[in-house]
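Structures are listed in the sections that come next.
Both complexes below contain chain A, partnered by chain B and then by chain C.
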Partner chain A sequence: MRRIFELIGPPLLVLVIILGLWSLAVRLLGIPAFVLPSPEQVFETAIIESDRLMSGFRNTLVASTVGLLAATVVGVLGAIILSTSRVLERALYPWAVVLQTVPVVALAPLFVLWVGPGFVSVVLVAFIIALFPILANTLMGLVSTDPALIDLLRMQGAGRAAIFRKIRLPNSLPYFFTGMRISAGLAVIGTIVGEMVVGRGGEKAGLGYYVVFSATQLKTDFVFATIIVSTGLGIAFFLAMVGLSSLVMGRWHESELRPST
Partner chain B sequence: MTRPASLMWLQLPLLATLIVIAACAEKPKDDIISVQTDWFASTDHAALYAAELHGYFDVRNLHVEIRQGGPGIRAPNDVATGRATFGLALPENIILAAAEDVELLSVFASYQESPIGLMVHESSGVLNIEDIANLTVQIFPGQVFWEVLKYETGIAPAEIAFDGSMTAWAENSDWAVQGFATTNPFDARKVGAEPRMLTATQLGFRAYAGVIFTSQSYAQENQETIQAFVAALQQGYADFLANPQPVIEYINSEVNNDFLVEVGEAAAVIMQDLAVSQETESLGLGAMNAEVWNDVATRMFEAGIVRNEVGASTLWTNEYLTSRDEQDVQ
Partner chain C sequence: MTANQAAHTVDIFIYESNVGHAIEKVVVTDSDIRSDRIRVAIRDLEKRFSKDVVALRGINLDVQEGEFVSLVGPSGCGKSTLLKLVAELDYPTSGNVARPGIADLPGSIGFVFQDAHLLPWRTVHRNVELLLEIQNLSVNERHRRAKEALAHVGLEGFEDAYPRQLSGGMKMRVSLARTLVLNPQLFLLDEPFGALDEITREKLNDDLVELTRSSGLTTLFVTHSVSEAVYLSNRVVVISDRPGTIVDEISVPFNERHRSLRNTQEFVNTCAVVTEMLYRGMEK
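So, the complex of A and B:
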């Protein structure tokens, strides 16, 4: 209980102070609602627009999850392939870097041409943004194993598959989960960016679509409500990765073990 | 986990900074009249650039700075926060702002009928709003005329966020795309498409467009300046409609090289019809009437776009206009 309070207490206190200051500043400085609505107004709007926010949340959640899963599968497989050969790594890794630096928003209209608008294009944006951290971190984990351990297994007659399973794979897990923590947030950001540029409207509209929708109609309170829900989704994704990391490595890796004070 | 959590305290000064930034909006210099347009310079802003080119601001001792708009620029916000003296936008935005307690006053309408609408392929055979129901519509999310028409007709076609590019529309004959009748059909023909433009008016939503507005507070204290500014706009716009070529070339060569002369020439032909009406004949270019404003405001309320009904009568005025007869006398 005490640990939970220590974990949640300080950020919760900061949140309360921020909301208080925010509300006070809006009132005292007379800031117009369309520039900065008060937190109470944002909350009220979130209630009024709850149907749209919920359906947007669902659509963004699905697209983010699919984008992150695709990035995980491709990132891990890619890292395994690159780790098997220095030549392959030298040939392909720079292109992974290029993929990361391509302005994906500029690519989005091309996705519409190639695969059509809506879900698939949005997922593609999320996938491209989320891929690199998983690929780069997992690759780093796979190749940075202790050579002495590998030699030890080789002396005992272990083959490449056994070395991979017993040394490289466990060693790469902390790196993999570091990549996943970064990519989880990025997948949500990618989805929202995709929805803003190539997303579908109506029932299939995601949170990104509603950000543009509400900004077009000068409804700053709705923009804030959408941003807060989007941020919540990003945090939920991050925490899910923290939980998964703890589940998988909690019993054996030092990064997940609690200090025995 | 404890180390990142302690960084949360950084959010306090960050929030304070954001609040200060929001509160301390950049104000225009007192002697400069800044005008924030809604998009990159084109003939849709012809009244402004014609007045600038022909020196109609200068002769009235007005130091006018025209700022080009673009994606994400919202002129009502800039005028309301004092970052610009005047703005140019759709009248729907003035009503949306009023619904958020932002008091703006429209003083000049560049278009009597909005050139905004939906562009379809000629081959689609689409002629009216009901036909659109079977298409995929690529439109900027939240576009008011579209939300109102959807509500009133009950149609619910598939929608995609408009990314500013016509390329995907050109490749799909069963798509409609948001566009401006003045410029986009020309662009579409250049990429080999055969477009049919259905303006918002043709689809059933008549509104003004290219409305130039200021804040109510500025209007109360600067009557003479607004009078002179609007007179310059009227004079410039009349010159443009009579002889558009110099203004088109000026925009292309001095303001926005991406705005092609041939696009401007095509737009100028269409503008001859959209810029004038019975009101402008009697009251002068830029005139508006209560019927159109009230209709737009009422329909926006009925469609649920604004939560409270906005009284449109205080959002516009013709009092700064000079009729043709008065101009002749002057």
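So, the complex of A and C:
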């Protein structure tokens, strides 16, 4: 209990100080609410708009999850395929790097042309942004195996399948989860960006949609409330990945479970 | 037979924690190597990695059944390469390696590397089972053999530990056990104790003498250490600087191995002879 307090105490204190200064500045300087609302106002709006925030949260959560799952499936399968052949890796991996550097937001209008605005387009943006870290890290884990161990297994007549199952796959797990931690955050960002650009309003509106929608109406307090909820979602995704990785990897390689940053 | 002799030796497997105890150990070595039975025959072996890098040249070497042969030589002279060629992990540029009487089957060659190379995600027991899983053994048989091998290297009670919980010496023992479960006919070790402190190393030397002599295991052992080579071997082969050629070899004149052997004049003299050969190989 004491340890927990020591851990979250200092940052919490900083938060309180910042909120205090913020509130004070807004009052003393007479900043108009559409430029910078006070924290109390943001809080109030969050309560009033809690229905829309909740449904936005749900919609963004669903789109992020679907995008991340798709990126995981494609990323892992892609990494496995690339890891089986040096030629394939040489031919395809550079394109994965190129794909990563294409500004996805610029692609978004194309998605709209192809599948129309809304859920599928949003998920596509999240998927593309989240794909690369999973693919790259898993691939790294699959190929960066101890050559001596592979020699050892070969000497006992082990084939590629056995080496894959006993060495490559387990070896790639920590790398995979490193990728997942990065991609989880990116999937949320991708979803929100997607919602801002190709999202739709109404019942299916996500948090990104509400950011744009309320900004154009100068409801800056609502913008802030949405940003805070979005941040919460991002953190939740990250923590879920940390939890999942320690659940799966359990007792081995504790050092690799800790985020490096 | 040697196996029976060895069965009468004092139990030499001690736990890490017993290092401090000065236990005088007596190990009887093999004195009846059957020189008529060649198990490794290396002929005119050459290995070049590129035009300029000739790792080995003109290597001729026979190893008899039950014989323990050490290869010593300066770093980069091709010792590891030679071992890999014997294990067929790599192929010679010319010449050949024959292994008469060693079955061409998985498991007939046991290889131990300089580092333990354990799987961090497996327990000690499961690490030892790794190579058995490749063979089609029943789960029970696998389990039994792994348990036996772990007892053999003095690691009972550590079955469920993970590699990161072990000391360097214990990891090496796991690595030895992982190979010993295969009941290999030919045992190849590439500087297995190079990274260990001296006391652990000497203890593992005694264990290795016992393990190999008790089963009459034909062994090729690579090391940097002259005294380790002399202590362990029936024969020490000295390899020259690159390109590696055989400078000379010496039959080790001792029949018994025990701790005080290292202090005898004869042991010191033998080491001096080997060191002399090493210098000859570096000046060529």
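Operating definition for what follows: the second predicted complex is superposed on the first by the 236 of 261 C-alpha atoms of A that agree within 3 Å, B and C clash if a C-alpha of one lies under 4 Å from a C-alpha of the other, contacts with A are read in each partner's own complex, and residues count from 1 in each chain.
By definition in this document, a contact is a pair of C-beta atoms (placed from the backbone, for glycine too) under 8 Å apart; a residue touches a chain by one contact, two chains touch by 3 or more.
The model shown is predicted, which means the values in this text are computed figures rather than measured ones.
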| item | value |
| --- | --- |
| Clash or fit, chain B versus chain C on superposed chain A | fit |
| Chain B versus chain C as contact partner of A:A162, first or second or both or neither | second |
| Which superposed partner A:T216 touches (first chain B, second chain C, both, neither) | first |
| Contacts of A:R181 with chain B and chain C, given as first, second, both or neither | neither |
| First, second, both or neither for A:E6, with chain B first and chain C second | first |
| Residues of chain A touched, compared between chain B and chain C (which is higher) | B |
| Which superposed partner A:L21 touches (first chain B, second chain C, both, neither) | first |
| First (chain B), second (chain C), both or neither touched by A:P32 | first |
| Contacts of A:V197 with chain B and chain C, given as first, second, both or neither | first |
| Minimum C-alpha separation between chain B and chain C after superposing on chain A, in Å | 21 |
| Parts of chain A lying in touch with chain C, wherever the complex brings them together | 146, 148-149, 151-158, 162, 166-167, 170, 173, 249, 251-253 |
| Chain A residues touching chain B - in the complex, by the definition given at the top | 6-7, 10-11, 14, 17-18, 21-22, 25, 29, 31-36, 48, 108-109, 112-113, 117-118, 195-202, 205, 209-210, 212-220 |
| Partner chain A, residues of chain B touching it in the complex | 1-2, 5-6, 8-9, 11-12, 15-16, 19, 22-23, 25, 74, 76-77, 80-81, 93, 96-97, 99-102, 136, 138-144, 156, 158-161, 163-165, 167-168, 171, 305, 307 |
| Residues of chain C that touch chain A when the two form their complex | 84, 87-89, 105-107, 109, 111, 113, 115, 117, 119-122, 130-131, 133-135, 162, 164, 182 |
